[in-house]
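Just below is one structure, and these are the notes that go with it.
In order of appearance the chains are A, B, C and D, and numbering begins at 1 in each one.
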Amino acid sequence: MNFGSDNQYGVDPRILQAMIDANARLTDTSYCHDDGAKQVDDRLSEIFEKQVKSFLVVNGTGANSLSLSTITPPHGAVFCHEGAHIHTDECNCPELFTGGAKLLALPGANGKILPATLAERLTHFGHGEHGPKPSGLSITNATEMGTVYTPAEIKALAAVTKPKGMRLHMDGARFANALVSLGCTPAEMTWKAGVDVLSFGGTKNGGMLLEAVVFFDTALAEDFLYRRKRAGQLVSKGRYLSAQMLAYLKDEVWLENAKRANRLAQVLAKGLAQSNRVRVTQPVQANEVFATMPKATFAAVEAKGAHFYDWPLDGIGADEIHCRFVTSFATPEAHVEQFLTLMREVA
Amino acid sequence: MNFGSDNQYGVDPRILQAMIDANARLTDTSYCHDDGAKQVDDRLSEIFEKQVKSFLVVNGTGANSLSLSTITPPHGAVFCHEGAHIHTDECNCPELFTGGAKLLALPGANGKILPATLAERLTHFGHGEHGPKPSGLSITNATEMGTVYTPAEIKALAAVTKPKGMRLHMDGARFANALVSLGCTPAEMTWKAGVDVLSFGGTKNGGMLLEAVVFFDTALAEDFLYRRKRAGQLVSKGRYLSAQMLAYLKDEVWLENAKRANRLAQVLAKGLAQSNRVRVTQPVQANEVFATMPKATFAAVEAKGAHFYDWPLDGIGADEIHCRFVTSFATPEAHVEQFLTLMREVA
Amino acid sequence: MNFGSDNQYGVDPRILQAMIDANARLTDTSYCHDDGAKQVDDRLSEIFEKQVKSFLVVNGTGANSLSLSTITPPHGAVFCHEGAHIHTDECNCPELFTGGAKLLALPGANGKILPATLAERLTHFGHGEHGPKPSGLSITNATEMGTVYTPAEIKALAAVTKPKGMRLHMDGARFANALVSLGCTPAEMTWKAGVDVLSFGGTKNGGMLLEAVVFFDTALAEDFLYRRKRAGQLVSKGRYLSAQMLAYLKDEVWLENAKRANRLAQVLAKGLAQSNRVRVTQPVQANEVFATMPKATFAAVEAKGAHFYDWPLDGIGADEIHCRFVTSFATPEAHVEQFLTLMREVA
Amino acid sequence: MNFGSDNQYGVDPRILQAMIDANARLTDTSYCHDDGAKQVDDRLSEIFEKQVKSFLVVNGTGANSLSLSTITPPHGAVFCHEGAHIHTDECNCPELFTGGAKLLALPGANGKILPATLAERLTHFGHGEHGPKPSGLSITNATEMGTVYTPAEIKALAAVTKPKGMRLHMDGARFANALVSLGCTPAEMTWKAGVDVLSFGGTKNGGMLLEAVVFFDTALAEDFLYRRKRAGQLVSKGRYLSAQMLAYLKDEVWLENAKRANRLAQVLAKGLAQSNRVRVTQPVQANEVFATMPKATFAAVEAKGAHFYDWPLDGIGADEIHCRFVTSFATPEAHVEQFLTLMREVA
């Protein structure tokens, strides 16, 4: 019963098989200049209905931090949600790869930034070179709170940033989960809504190391080969990265996996909501469920083998704990049922 | 007939199998805190006959640049050979991860630095804070020129650095190749000779992403968990890294592979030396051969399907080209023979 | 009638004379190794009743950013008030000089951080290397809101930081203003209360470029000569910096100037408080006054030659503006009176 | 008898007087937005016969490092002479301000780089993103060896860099000394020869803190206000910088001072050359003289009060020492004579 994180699960067998197949080639071009990498670019351009420039990287932190380095100078600032992974869970890697740009955290319910919040904050930046130059906005979709930004919401944010010359980055560590939740096209969720650059993540959704930086504004990709190398995000045996991405994007593997994870989150949320000791705190729109429960309950189910994390939330009771549950492409449905049963038993 | 680089070959089947086996676990602890990572630490401590602290990272550039960040402050300088990978082929990643420390390049025949060269250069650093603080020395073993430093040679360098409070890093991208060439123990080649921190590389010798930073002076490892994360060198599904390393270090896989690659280099070198149009320029002590040949020969064999790179060398004739040949654990012996036959044919 | 900033005023004639006197020496040791720099160290040690290590630098941004670089690694975080100069007005220089450490902004009334606020925020940092390492706290005394921390308040903050191994920095851009306001000793306001390193500023209080970094924990000063040089904060003709500092600290010039500025702020605040259209928003404890007034009043007095800035404050009325007034050692008392008269006239 | 450095001398009385005059203004706009700064821009544009963008900064290290930050990305490389101040005497400040770009040192007689040397070195940069991107060249005029590049020589270097898209920076710490030596116009020595950005230094030639970054390619100046602030190179009481520069550029003060310093260097060199124990090693084209002498002579004259530094030079005898003598605008002519007499006496 592991709901700790989707990255605690393994690799989709179809993706793993593609890596095994890639090993059948005696040699291949190294450093991500293999044919597979070119095919990834074509496939992503097809999916996004636009000629993109894509670059395979090693992990989400790398994808995000490198993306940010293309939208802000070191004397700039990028706004993000106060719970954004780039701000709370990447240990200053964005600051490193951008050369010291500042992340400015904004509050917002359900892990989402409201355009008015951003607009108000920007009014504080009118005194020239004393403060950093507002350069970008980074949003996460699906968010860290298991919610999603709709294309309309993204457009509304872009309506604040574009007139200021600011760029829009999307952290898509759980891109597929948001996409299938929204039921829109990848294009609608990204560049058609104003996104300039995307961290396209698949590791949490069945990959091993399955991340790409995707540029919709391809001018931002200038010198990105140098950037990737300099940041230590270029691997020599690149064929094993391209193989993963191609398998992930083939035959709707990525969409299927996300749908499954999202569906289990719904099952879990509905089951939890039936308990009067539990309060689901966020709309469940992707593959994460957030809920409060008595600390005693938490301890009891943990002792019985359930694994999930507490998660900070303001305003909960002293005897309560706020928890995050993540479902994945590989979470056994039986484990969800088993956990819900356990929750009833420990009541 | 690919002698371009050992990283153009694939993954040793035994290592790949270990990754497949790792996938059998439904879940595992993420972010390199899995049991496998602990076993790696134990195994490396056993191999090095000393309690080390080891950290799995993504690639050699990351291993080197992170290692350097522990031995120099940003206002420091690290000396290295002018042909060192950290200086010529890591696109300023060492400068990035160290916060802007300077690499100071030293000349030296056969890819090796002489103690006297270093000592002389250090005499220029006596004017206080105007120049950077001499903080470290980085050597590569096997070197970029296919030669090896003996333990005695390393000790002689350490005799220059230690009295100055400078630290010694070894780039072991081809560590196993050097080790089996020297016939000494891993301990003799490293900490017993004065090495403080090692980039222990296995990617070129049969791994997929198989690199670790190994600290012999474990005080340098303080905060290294933060450093690795900040540099984007921490992967979430760490079990696939530890599985590689454990398989690599099991049953002498690493030594066997290196011996095979080194042996093929000897076969290649001996074959090449029989041509009077070819001059082998470096002692062949690991899995690389360097040789000059007429440009016409280079073009002819390339046209027939041989793949290898030209490599800068001073003082060669206008009609000549200097070339690097790399053999790997997986280079077919038949390809070596085929290539030597081709060289004779195009004469 | 300039209340824009204390740095819009000139240089105290006694300090300027000291610079002129310094020019009488045909030559002097360069790069801040002059005898004057040593005398500064002695004088500061005397004033602080402790052997300190001090380093003259060029400006407050440099002093702050360099100070921070000694208390946090690049993978660390320094907490500060959300209105702190280092966070809002130094354009990422702290991020640059620290190598990309993060400043984490805390709210707090009157420009001051409460210990409980910091303690609560620190509870979010328990998940290992994913977030930055909490490394320091920076407080400003006098604060950006013209208030002061008492020694007891500083001690209470240090009681939160010290057990965590975090260091305490004080931005003393208006150190003297705070000191004469508190009526305590320099030692009581700093190291006796737990401060490890101080940006000791005098530029705003009569200097030209009059700033020093003062280490109470002298172990932090290791390699600081290199740090200062690397950051471009070392000037060649250092005698003109040491001359300023020695003149500033002689015969109570620094205390006199601060007392004068503070007194004028009281006169100004009292005068403003008599208007029913004006609300003084912060306790006036140094040389700054913050007050709201009708926008129309602001426009009217500005048109008549009064110069001061609006300053963001939450919760003010739509027709109101929140303003900052700064008095300095050289502000003519008549200008204060003239301005208060003007305020009455435009009513 | 101080020939240690021109920065050990004081401030030209005319420049100091301008600072005193600036103090007569009760208030002035702070942070280098004063009218004086605008006048500096106009005056420099006049002198350079082109509309430039100029920015006053604090010191030469800051001017150089900031200049470089505009011509190279962090993943780039800037070539310079192996004896360049930016490489040997700025303690990694260029690396800091550029975000970790690499300085690549080139050899060259008399402190000068030959176009062929640069061209040859550039041939090593054809393997894509593995090495840094060649982005700029920095030359020093007058050089660190007291020689000068002629406009024709600069043009020849620009003929190598421009086709590669590389930018050309000039470190003009001793700009005036080179200018009066060459007898050309400031325009001929800079942008007409291909220079894009100049560190225009006056501190060594009579200023206190008298340095500017001057952009001939004004597109490079974009965001420079932010860059200067971020680097801690912006002073609050900017009027004292602009006053220095305006006084320096008025009535040929800068040219007079440089001529005087250069003339004394000639006197010194001619006097030294008369001794058969002394060998002048570099052409004397500015205000520096380099010469070898017996170590015993060095010790003897030092004991008698002469002050100058030894300077590394390859290939000198074991009993010899190589020395640098710097003359300044304020070096008493009598001291030169006195020193030459002393040299004869200790023979």
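Basically, a contact is a pair of C-beta atoms (placed from the backbone, for glycine too) under 8 Å apart; a residue touches a chain by one contact, two chains touch by 3 or more.
Keep in mind the model is a prediction, meaning the values are calculated, not measured.
Undergrad: Please identify each chain that touches subunit A as well as subunit D.
TA: A chain counts here if it touches both subunit A and subunit D, which gives B, C.
Undergrad: Which chain is most remote from subunit C in terms of Cα centres?
TA: Farthest by centroid: B.
Undergrad: Write down the chain pair with more C-beta contact pairs when B-C is set against A-C.
TA: A-C
Undergrad: Just going by residue numbers, which of B-D, B-C or A-B has an interface where over half the contact pairs are the same as at A-D?
TA: Repeated interface of A-D: B-C.
Undergrad: Please work out the Cα centroid separation of subunit A and subunit C, and write it as a whole number of Å.
TA: So the centroids are 41 Å from each other.
Undergrad: Measuring centre to centre with CA averages, how many angstrom lie between subunit C and subunit D?
TA: The separation of the two C-alpha centroids amounts to 34 Å.
Undergrad: Whole-Å distance, subunit B centre to subunit C centre, using C-alpha means?
TA: Between these chains, centre-to-centre, one finds 50 Å.
Undergrad: Which residue numbers or ranges of subunit D touch two or more of the other chains?
TA: Residue numbers touching two or more other chains: 31, 74-76, 90-92, 96, 99-100, 129-130, 132, 226, 229-230, 234.
Undergrad: Which residues of subunit D touch subunit A in their complex?
TA: 31, 73-76, 99-100, 128-130, 132-133, 223, 225-230, 234
Undergrad: Can you check the complex and tell me which residues of subunit D touch subunit B?
TA: 74-77, 88-92, 95-96, 99-103, 105, 123-124, 127, 129-132, 312
Undergrad: Would you mind writing out the residues of subunit C in touch with subunit D in their complex?
TA: Residues 2, 4-5, 7-11, 13, 16, 19-20, 22-31, 58-62, 65, 90-93, 96-97, 203-204, 208-209, 226, 229-237, 239-240, 330, 332.
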